[in-house]
Amino acid sequence: MTYAKQMLEAHPRGAAVQTGPLIECIEACLDCAQSCTACADACLGEADVHSLVHCIRTCLDCADICATTERVLSRQTEFEADVARGVLQACAQACRTCGAECERHAAHHQHCRVCAEACLRCEGACTSALSALAA
Amino acid sequence: MTYAKQMLEAHPRGAAVQTGPLIECIEACLDCAQSCTACADACLGEADVHSLVHCIRTCLDCADICATTERVLSRQTEFEADVARGVLQACAQACRTCGAECERHAAHHQHCRVCAEACLRCEGACTSALSALAA
Amino acid sequence: MTYAKQMLEAHPRGAAVQTGPLIECIEACLDCAQSCTACADACLGEADVHSLVHCIRTCLDCADICATTERVLSRQTEFEADVARGVLQACAQACRTCGAECERHAAHHQHCRVCAEACLRCEGACTSALSALAA
Amino acid sequence: MTYAKQMLEAHPRGAAVQTGPLIECIEACLDCAQSCTACADACLGEADVHSLVHCIRTCLDCADICATTERVLSRQTEFEADVARGVLQACAQACRTCGAECERHAAHHQHCRVCAEACLRCEGACTSALSALAA
């Protein structure tokens, strides 16, 4: 059992949103934030860094937004649905933009391929969490 | 001249958005993030911490969201309007929610009063930056 | 295979430090940062929040420091051993302090028990990464 | 009066460390974090990005470390001197490394010149805060 799941189950007030999509989204954000930080760095280390400038920039944004979304969703006390909705929408957008850019380089760079996959999964997890919020 | 302004003027590609609202928003996010971190901590140090639980939680969220918004807006290279719009909307919402909660405690706690002011200013700066983005 | 491991193996310049301790430390930091964010929030939601003020504060610090350490270690391009050493030492200290405080509440709060475990593991992973850096 | 100063003066328990060096350090960290984020981005937008790879990397690390140091120092409740000392030492090191690298490009890039100055000021502020902690 992951730490995220253990921590959520130990919360004194219970989860503010349906547990399944919430944990999935927290973990997808953690993975995507780390992948984007690592992909920006790997792109920076490539010989053709000049052709990866756009990719580095979207990865830096996506890493920051996923990290913040993970934190907001990890908090259940006095949960504010409007705030959660805002960051989830921003996160889904950042993952969509970053995933599309990474995908363009996936054939040449393995780190972009893996990062595109992390972005796609995180975008989907944000969308599911938004549905759970609306329920 | 602030560092944010100096850095923006030194950018090789120029600003992606109208300079005035952009700098104002970056600086409002820096101040609001710091105020929210400090207000959550000051609330935690109050004798009536149990009545400030909601305020602490919204301040923690708002600090994270403002910090991320500041970073996204500080980047001009390969600027993505959709990503910027998403975080600005999330930030305006977080500031609105947090500012309203801090305002409720403003009469009793000076730190909540100052933080409410920082939130209000940041919400306005995000709204102006959104207008500049749409222009 | 975790994303962190996949991303490290895809880096064009290879890992700057021995791969095993590096991946272990990145993943321990991710888990500990998330656990600390969630533990601060769970403590905030407890009826006896006034007795958990110290725990909330150390968890907030530890979450921030672990998140930053994870990012610094996730970057392999132009790796600076002195900078990595500084954050690893700060992270080990934060985990030691936070783990000890969480441990004091472990018998009464399951979230503190899980978080103490995440801190202990992360402190150990930072110590191992420091040894790998010195090698 | 800055928000950081207003918030510190409104804290119910007072400042844990001598006020002057503390505020100076919080504000230097805010400025340096923002400058480093902006300098990494400006370097990324330069035609000779391949010669600025090292600068981008140290700026990304320095931005993260300064942001975390600012947060730890902004919290006065249940202040832990050992944790503060750890992040301040890490921050001084990151500023020294990043400042030296930015300085190498200061003659060609104005953003590197401004960022080197922010790093130098922040390194000094961290050193002063460490002295205040020891007092």
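The first chain written gets the first letter, and so on, giving A, B, C and D; residue counts start at 1 in each chain.
As a working rule, a contact is a pair of C-beta atoms (placed from the backbone, for glycine too) under 8 Å apart; a residue touches a chain by one contact, two chains touch by 3 or more.
Quantities reported herein were computed from a predicted structural model and do not represent experimental measurements.
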Original post:
Taking each chain's centre as the mean of its Cα atoms, which chain lies farthest from subunit B?
Top reply: C
Original post:
Hey, which pair has more contacts between C-betas, A-D or B-D?
Top reply: B-D
Original post:
Centre to centre, by mean C-alpha position, how many angstrom separate subunit B and subunit D?
Top reply: 19
Original post:
In angstrom, rounded to a whole number, how far apart do the mean CA points of subunit A and subunit D lie?
Top reply: 27
Subject >> In subunit C, residues with contacts to at least two other chains >> reply: 41, 44-45, 53, 57, 60, 67, 71, 75, 77-78
Original post:
Okay, in this complex, where on subunit D does subunit B touch?
Top reply: 2-4, 6-13, 26, 30-31, 34-35, 37-39, 41-42, 44-47, 63, 67, 70-71, 74-78, 109-111, 113-115, 118
Original post:
Which positions of subunit A touch subunit B when the two form their complex?
Top reply: 53-54, 57-58, 60-61, 64-65, 67-68, 71-72, 75, 77-78, 80, 82-83, 85-87, 89-91, 93-94, 97
Subject >> Residues on subunit C engaged by subunit B in the complex (per definition of touch) >> reply: 40-41, 44-45, 49-50, 53, 56-57, 60
